[in-house]
Structures are given as structure tokens and as C-alpha cells.
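Every chain is named by a letter (A, B, C and D) in the order it is written, and numbering of its residues begins at 1.
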Amino acid sequence: MLQFAQFGAGRIGAIHAANLAASGQAALRHVVDVNAAAAAGLAARHGARVSTTEEALTDPEVGAVIIASSTDTHAALVIAAAEAGKAIFCEKPIDLSLARVDAAIAAVEAAGVPMLVGFNRRFDPDFAALRRRIAEGAIGTVEQVVVTSRDPGLPPIDYLKVSGGQFRDMTIHDFDMARWLLDEEPVEVFAYGAALVDPAVAAVGDIDSCMVLLRTASGRMAHINNSRRAAYGYDQRIEVHGSLGRLMAGNRTPTTVELANTAAVSTDTPLHFFLERYAEAYRIELAAFVAAVAAGVPMPVGAADGRQALVLADAALLSLRERRPVRVGEIA
Amino acid sequence: MLQFAQFGAGRIGAIHAANLAASGQAALRHVVDVNAAAAAGLAARHGARVSTTEEALTDPEVGAVIIASSTDTHAALVIAAAEAGKAIFCEKPIDLSLARVDAAIAAVEAAGVPMLVGFNRRFDPDFAALRRRIAEGAIGTVEQVVVTSRDPGLPPIDYLKVSGGQFRDMTIHDFDMARWLLDEEPVEVFAYGAALVDPAVAAVGDIDSCMVLLRTASGRMAHINNSRRAAYGYDQRIEVHGSLGRLMAGNRTPTTVELANTAAVSTDTPLHFFLERYAEAYRIELAAFVAAVAAGVPMPVGAADGRQALVLADAALLSLRERRPVRVGEIA
Amino acid sequence: MLQFAQFGAGRIGAIHAANLAASGQAALRHVVDVNAAAAAGLAARHGARVSTTEEALTDPEVGAVIIASSTDTHAALVIAAAEAGKAIFCEKPIDLSLARVDAAIAAVEAAGVPMLVGFNRRFDPDFAALRRRIAEGAIGTVEQVVVTSRDPGLPPIDYLKVSGGQFRDMTIHDFDMARWLLDEEPVEVFAYGAALVDPAVAAVGDIDSCMVLLRTASGRMAHINNSRRAAYGYDQRIEVHGSLGRLMAGNRTPTTVELANTAAVSTDTPLHFFLERYAEAYRIELAAFVAAVAAGVPMPVGAADGRQALVLADAALLSLRERRPVRVGEIA
Amino acid sequence: MLQFAQFGAGRIGAIHAANLAASGQAALRHVVDVNAAAAAGLAARHGARVSTTEEALTDPEVGAVIIASSTDTHAALVIAAAEAGKAIFCEKPIDLSLARVDAAIAAVEAAGVPMLVGFNRRFDPDFAALRRRIAEGAIGTVEQVVVTSRDPGLPPIDYLKVSGGQFRDMTIHDFDMARWLLDEEPVEVFAYGAALVDPAVAAVGDIDSCMVLLRTASGRMAHINNSRRAAYGYDQRIEVHGSLGRLMAGNRTPTTVELANTAAVSTDTPLHFFLERYAEAYRIELAAFVAAVAAGVPMPVGAADGRQALVLADAALLSLRERRPVRVGEIA
């Protein structure tokens, strides 16, 4: 049974630890977190010990690590874990700086350890079905992808200050979806963005609403729209138009209940946020990691995917700043 | 161009007259109504004259009649029109009494004139598609039919007094749908009914809510539920379950607009009532009548259908009164 | 932590044991099954021991039992567990004979132990939301309930022989839903039934398709339709019509993916069968049992509910045989 | 009753003539078409005469004209009709050249005659409901608009040669929708386009697929996606996201019928093309024109709207050619 050390005992860390416990295929051995109380709580809940990074990485029983700590610690932990020969499950993004991402990837490659980058949406049953049916030929050649992705509400401004900005923090998931479903690498990005939700966002140099276009060499196109605030909750939809038809995946709701009264016929708003919407995706993602480690096969989403989504985010940011389309080659 | 005399210048009469005018295949020549003002208004609108029954039926230019007057006048008008050799479009029911229905049908058969009974729902594009797809084998052998039919609001109590009761006035349409879609004649009926909407309905000896079961000789089953009042509007849905699948036809709405906000995701309530919901059905129904007269082919829904739906209604009423299943043969 | 003995290591037993393990609030201590291999497998999976009924019930550490063995063993196990002072989670039905049900209930009451009867659908998030919203007044006074419940395919004929028949084996869940949502006790039942799916069903004296009506004292009505075979999968829908509106709960699907092509716009068929459709309901059901035992509060669905659903099933069977509506008082 | 002269007896001309006849508020007096047979057929159908342009425009009984001839004749006819003092209903676009559009508008203004430009989608009940509900405040401040607009199939290449290109011929409707629903004038346009459907389209210098972004001064954004070919039919959807919620309007289908079988749950593809999808919109549009002429009030969609949509189309074309965002002021 694969033994894990986990870095980060916060919200997403708790999800991964619970999924580990329920999988029956792996066990949590070390929890590392600067917040001692959080580490202790999570360790106690799953029969693990609270450790330092060094203790965790030098334990020969540990075969894999989960990196779910704050973004600025990811790259150094990836490098240390790679050097220690551990399989790596790293939450996105690897880093906000491409240079540090490249350093981390170099260490992973040098060590020859497997690494999965946490693009959880690839494991969402709905989006995975889109990809599978495209691969099966259900809609012929892909021509257009439309990704709608809106959060239920603005995060704290203090979070935004260290988030890397909307493109790197939020849209990065959508860039990954667009790449994955276009079935051909985007070569150019154009972006509009604004702080429409709250002027405080503009005050810290960020945006909260954006619309992006991507283009591939053969002319395929993708559109992404984002908002940091949707009154009706977490809006996660993807549409793919191809030569033989159209695929769409929509929101999930708490119940299927429909009420009809004098005013309207009404149904539930979508599942609240990513923890609810992607609960199943997180479970499948971790299981896929454990299975790939066990089988010694390539990771379903790897370091190069993590890097390329960041490149697209950086290209979008440059496009917004310079008010022009940016070729991916300018960034990478 | 087929020339019509129309009896009845009320709400449904106005619909038929307008459809006649728009069809381009027929013309309205006489309007007959005890309400002189209504007759004059409708006649003026469509370039027809106000006439007596005798004038209308003795006019050799008249090839067909529309009987859309009050129910108690239908049977006599059918007989008179048949004796005058006119093709007959008669609103349902032919009469509330089976004996008078039989007399009317005898006159029609003796005269050899064609007669269509106004079961407009057979011409509704949704329900007609159910029937067509059953005939095409889309769901194999029909096993169960569920008809949901609720009105938006209670009619005036004075109307209920002369309506013949819920089964003959309202459920009669659903009996026709059930017969048509079961694809086999019902042989037995069981009914529950109550005045749940308004005790004034019970006070005039009627019900406003009912649930009915029908059974065919081979064991196929149908369920009908009715209410005289649905807060959300006119609810007209049919489901057919067969050996290879299920067909459902649902409500139509004024728009496809969906609003998502903090409270819910909401859409329009159904089209208000039969004039809106079945506007297209009335148009197609009249066109089918005109076409069948022109082609000299049998009517798509005839006198026997009108009679049989009334037989089922009478069986339901007997079932409710005697608290037992009633075989159709007890009535017919 | 509540310690359990579980009787029955089959399909539904495995579900309950897994839910116990994942709950973190309870532990499985004994597994009892006539199939030694099944017992050993389940016990091994959850760190429990294989025991005899006597060993399990005399263990003072055991606070509760799960009875998920074959139906004919339920009543005796309920009585033995009650006498041993254990809290009881009993799969439906308690027994196929009302007399034995009454004996079991008498033992439970004499012992003063809590008992939950496994009507899992009450814990389904969709149906539970129907009930909650009715209680909140969303649709005013309930007038009509329509329960649609179709299985994906016919079980083996050998199973049908010992099942107690469609009403007691399958419709019993729907009788419970109808009672629960009508918000008033049914006083009369009328049923049609036939073997439309397979004549082999008739050959063993059973039916595979039925339509049932229920009536309460104040005139509320419910309709249930069942089929043992739906080509499109497990069809579980409920509609409740009230004075202020209508509530509906529909099927759940594996994904939200919609494909539009030349032929149609198409979506997934429903989740395959009860293990998939009610996975969440089973989890919530067991948690509710554990919580009620811990808090010493009444069970959310008790022995009387188990009995009353069986009474309605028996009334339906009598109605089918005698071709007449049957008053509940004739059975109870 | 308003008397009309109509220029153009083709497909869209036949729609307008039929709507005129059915309106009861107007009459067709002259039909003008270079295709003598088409003119004669349409004139005969509606009791009008075949005339020359001069005969039609000098007839003092004529109060209004419908210009539904080929695009290259629109501007000259608008000028002639304006000089003749007739109210003008002109199909979009007024012209493919902004200079000629301006000349036509100048003539209309000089003559002081009313002119409606045929942006039929403003009269579609679904899209009109979006606009009305935005105006009512249902979603607060508009932030993002997404317009999806795909045709069922590629028109003949010969048509494309004279169409003015996808932006001016097809996207122009979507530019109008975006302007109308953004509730603030776009100031910048960026476009991607390609011939993904058929290389023959590229061979004539056109595109068949595009994605466009629009931006307003305050930062609101709109996205338009177009394809000349959707396997599943005519796809016309609009989504508007605002500070308080989201509005969406979807496709209309021939029936509401849903089929569930072993393979899928499937419904109809959308209504085939614009004649079917916008039949009601065309009817309402013409009635709005007649009503505005009768009341002497401003047209609901006027010459300036026609011009501005063309400006956006020209900006998109320049953006595509020069691979940069284009400010509207560069064009206008």
C-alpha cells in the first residue's frame, strides 16, 4: 500500500487526505504544515504523524507526496521530493513563475519520478466524457470550444494580492480545458479583462471578469469567459462544436427537484463551489495518481500540461497589458 | 373553395373562423348565433352574413358546417346538417347523452356525410408525434399510458352546472388521448374523484380533481389525472411506456428564457390555457377537415371516436358513484 | 463508537458495511451469513469477525444490528435482536406476512429498542427535498401524488417465486413514498396488474406491470405505476400536486453531457439501478440510524411505517384478485 | 389601412407579404421584382399588381414600402422611397458599403420618413424577453454577453461571393444582438476567423467560422461565435451575465417529445433555419412597423442601428486582416 507524505493541511489538503483514506489503496503517513494545529488535526483524523519536510522526505516508507500547501512553496517542494525519489502529486500551479516551473520540471525529469499536476477538471466525469466522446469521433473534427467558468463570489482581496492574478489563478483551469478539448495546441491568445465586480480588485492590479480567445495553427478557436462572482453560484460549463455535432456539459445541482408555481418553474442553483462540484473529480484524480504510480505508467496529466497552461495564462496577461494578440512562442 | 356555415360565434367559434380565413382553402359564408351581436361581429370580421339555421342549411353553396355552439344544441344541429347533406365539423362532445349521440350518428350515417368530432389534441404537433412514433415502432409494444391534464383555474360554477361534470367535460379529451395512444380499446374503467379545489363544486354535485385507471383486454393500462386548478397554469403532458422505451410530450412555454439568480434557476410557466396551448392544433384540425372533405377520404377522428370517449366518461362516472370498476360494455 | 453485528453479506449488506466503515461513527464487529465465503470476505474487508447469530447477539459490545439477510429470516432476527436489547436496522420488508410482522413489532416494543425499517428512498436527497418543501408549504395542501417506478430489467424467475409478488417486493417502496408525501393516510386501494413483460411471470402467479390508485379520507389521491423492465434504465420519479403548485423529482444520470447531431439532441439514460441511484440515500440512511441511536431520539422511519406499506401492498393484491377497491381496514 | 409596395418577391419577400395579408392592418398593392414570374406569383397570391419601381413609388395610395430585394439594390431603393415620402421597411443590411449606407440615411433624414431596418431577432419573443428582463433589472448590471449563432449548412459559394463576407452577412445580426443586450456601445472589436467547414470558402476570400470579442468603454464584454454549418441545425442562443444573475435564451424545437430507449434520452434538434425559427419574429416585426407608422412614433430599430452593426462587422473584418483589436472609431 502506497504511503504518502502530505504538504498542506488546509481545505484542499483535507479533501485529498480523506480521499486517500477512503481509497483503500494508500495511507497517509506524514502531514507537514506551518500551521501546527491544522497539521495535528489532519494527522489525528487519519492516523498520520505531524512531521517536518525533512522527516517526511527522508522516510524510506514514503513512496509519494501530495503538495497542497501555498503556491509559493510548490516549486521547492517539488524539487525536494524529486530529489528524494518520491512520486509527486502537485496542486496547480507548480509556480507562478515560468522560470521556477522549469527548474522544478528539470528536477523531476532528472530524478525520473512521476508527477501529476492537479488539474482536477480532467477527472470530472462530465468533462472526461466530453473528451472521451470527442476521441470516439462523436462530433467529428473539433472546431470551436466555449468554456464558461464563474465563481460564486470574490475571494478576499488579500488572497488576490498573492494569487498571481485571475489568468494564473482561475483561468488556468480553463486554459487547460481548452487545450485538452481543442485537440490541437493553441498558438495565439487574445484577452479582455476588467474589474466589473469590485473596484477593490482593480486597486490591487487585478481583474475579476475576462473574455479570452485562443487560436490553433489550423484555425480552431476557443473562447473562455470568467467572472469571480455569479449570483447563482459556481457556473462550470463547456461546449465543443465539431464537424458532426456539438457536445455540452453543464452544471450539477444538489437535487433534481423542480417547483412550478404561479411565478415560475424553478430548479436548484448549481452546486456551490469547487469542493462540492468537483468532489468526485478529486476522488478520481487521486485514484488515478495512485494507480499510475502502482502500474508505472505515465501520469494522465503531467508537468508539461501544468507548464503549458501557465504559458497561456502569461500570454493572456501580456495580451491584456499590450492590447494585442500574443503568440504563445513569445512566452514559452 | 369550400363554403362554410358556422354555428356559434363564441370563443372557440372565433378561433375556427379565423383559421378558416387564414387557410386560403375555405370561406365563411354564414354565422348563426343566438347572441346577435356576437354573430354580427364575427360575420363582419370575415365577410360572412348573419343567418338563421334554416338559411344556412338550405344554402346550396354551403358545403360544410362548423358546430361550435353550446353543447345542448350540438346533436340537433348535427342531425339537421346531415339531413341537409353538409359535411360536419362538430365540437366535442356531440351530446352529453349517449342516446342523443346515437341518434345524431345515425342521422350522419343515413345521410352519408362526413363528420369530424373536435378532439383537437389529436392534431397537437407534440401528441401527434407521440402517436406517429409509436406507429413507427420507436417504443415497441405500448404497455402504459399516463395522461396529466390540469386546467389553470376553476370555471364559473354556473358553467359546471351545465357541463355534464368533470369526466364528460374535461376528462373526455384525456379518454380520447388514452384510447388513441394505448393502441387497443379500453374495456374497464376505475375512477376516484373529489372536490379538493372548492367545496362549491361538490355543492353542485361535481368534482374538480380525479384519478382514473383504464385497462384493455390484453392488460395494457392507462392513468389519467385531472385538476381544475393548477397554480402554475395549463398542464398537458403525456407519457407512453413500451417494451422498447418511453415517449413523453411536455408543456409549451411562452419563451425559452431561463433566469438564474440567488434563489433558483427558473423558466416560464406553461402557455396559459387551451386557446394558447392548442392554437396550432386548432389550425391543423380545421385544415385536416377541409382536406378530408376535398379528398373524399375518411375523417381522421370521427363520430365513433366521439361516442367512445363519452362511453368512457360515463363509465368513470358510474365507477365513482358505485365505487367499483365498470366494464365498458355496461355503458355502451 | 457504535459496534455493529450485521446479518447478511450479499449485495445490499456490502453497501451497508462500506457505509459503516466510511462513516467514522461506527464499526462492524460481526458478520453472520449462511454463505461462509461471503461472510468471510466482508468481515475481512472491514476488520470484523465471522460469527454465529448467537455469538453476535450475546456480545455485550454490540449495540446495534443490521438485518440484510434474506426476507424470510428478518422477523426471527428482529425478535432475537430485540430480546438481546440491540438497536435494529432492518431491511424492508420486515416479513411478507402481516402476522409475523406484528409479532416482530411486539417484540421490539416489549424490549423498548429502537428500530429503523430500510425505506432508503426517504433518505434520497431528491425525495427528501420533496417532503421538506411540502412541509415548508411550497405547494400548499397536497392533492395528488404520482409515483413512477420502473426497474431496468426483470429479475430471475426464481427470485420472483420467493419475492412475495410485485406489490410486496417492488411497489412497497412506492406505497411508502405515497403515504409519506400524501401527508394523510390512504384508506383505500385499487390496482390493475398484468404480466406484460414476460409470460413466465404470469406462470409463477406474479405480475410485472401495475397501476395502482390510493385514496385518503379527505379525498387526496395517489397513483403508482410500476414496470419490471424499462429499456432506458431505472426510472424513479415523483410528482406532487398541491393547491399552490407542483413539485417533481426526476432521474439522476451518470453525466450531464448532451450530444446534438443530425439525428437528435441526446443525454444519458438514468443511473442504472438502485445501488447507483440510491448510493447516497443508503449512506444517509445508515448515518441517520447511527445518529438516532446516539441521540436516543425516535427513528425517522419506524416499524409502523414498515407495517403500513405492507398493508397497502396486501390491499393492492386483494384488489387485483377480487377486482374491486379494497379498504385498508379490511387488511390491517 | 396602410398600402404597401414591396420590392423583392423571393423567400423573405414571400414571408413579409404573407404577414401583411394576415395582419388585417395593411394591404399589399404593388410587387416589384426583376424576376417577372416571382413577382406575378406573389402579386396574384395577395391581390396585388406587378409594377415597376416608378409605378410603385408614384402611387399616392402607397404609404409604405418593403425592401426585400437583393442587397445591392437596397440603398438606391431606400433613397428613392425616401424621396417619394414613403415609410420604409428595409431588410438588413442597408448596404455593404458604409458610404452608401450614409447616403441612404441622409436621404431618409432629409425626407423625414420613418425607416425600420430588418433586424428580425429583436422581435423574437425569446430575445425580446431577455432585453425586457434586463431593463426590468432582473440581473442587475450587464457584464458579459455570449451570442452563439450557427447556421445549419453552408450557402452556395456563389452566394458567398456577393454576400459581403461572414461578418457583414451573418455576424451582423449577432453584432446587433450584442449591442442591444450589452446596454452600452462597444468601442473595440477583436476577431478570429477561418474556413473550417469547406476550403472552397477560403478560395473565395471568405471565412465560415469565427469567434469575436467586443468591449465597451466601461469594460463590459461580449463574445460571438459563428459557424456556417451545424450538423444539428440552426443554433441560436444568447446568454447575458449580470451582477445579480444570468439570463439565457435557447433554441426552439418542432416538438417537446422526448424518447428514452437503451441508447439515450433524446429530443428534437432545433427548428431548421431562420424561416422556421424566426417566423413569429417576422410577424411581430412587420406589425411593429405598421403600428409605428400608424402612431407616428419612432421605429423600434432604426437606420442608426443598421449602420452601427455594419460598423462592427467592418471592424471585425479589419481585425481579422490586421490581426489586432480595432477601435470602432477607426471605422465609423
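Descriptive notes on the structure:
Going forward, contacts are C-beta pairs under 8 Å (C-beta built on N, C-alpha and C of every residue); 3 or more make two chains touch, one makes a residue touch a chain.
The structure displayed is predicted, hence computed values, not measured ones.
Considering every other chain in turn, the ones in contact with both chain C and chain D prove to be A, B. Residue numbering shows that chain A and chain B use the same positions for more than half of their mutual interface. Two chain pairs, B-C and A-C, are compared here, and B-C has more C-beta pairs in contact (counted per touch definition above). Ranked by separation of Cα centres from chain D, the top chain is C. Chain A and chain C have centres, each the mean of its CA atoms, that are 40 Å apart.
Each chain gets a centre from the mean of its Cα atoms; for chain A and chain B, those two points are 58 Å apart. Annotation for chain A: residues touching 2 or more other chains are 139, 230-232, 235, 244-246, 259-262. By the touch criterion given at the top, residues 139-141, 143-144, 146, 148, 150, 190, 192, 194-197, 209-211, 213, 215, 218-223, 225, 227, 229-232, 235, 239, 241, 243-246, 323-325 of chain C touch chain B in their complex.
Interface residues of chain A facing chain B in the complex, by the touch rule stated above, are 230-232, 235, 259-269. Of all residues in chain D, only 22, 125-126, 129-130, 133, 138-139, 244-252, 254-262 touch chain B in the complex they form.
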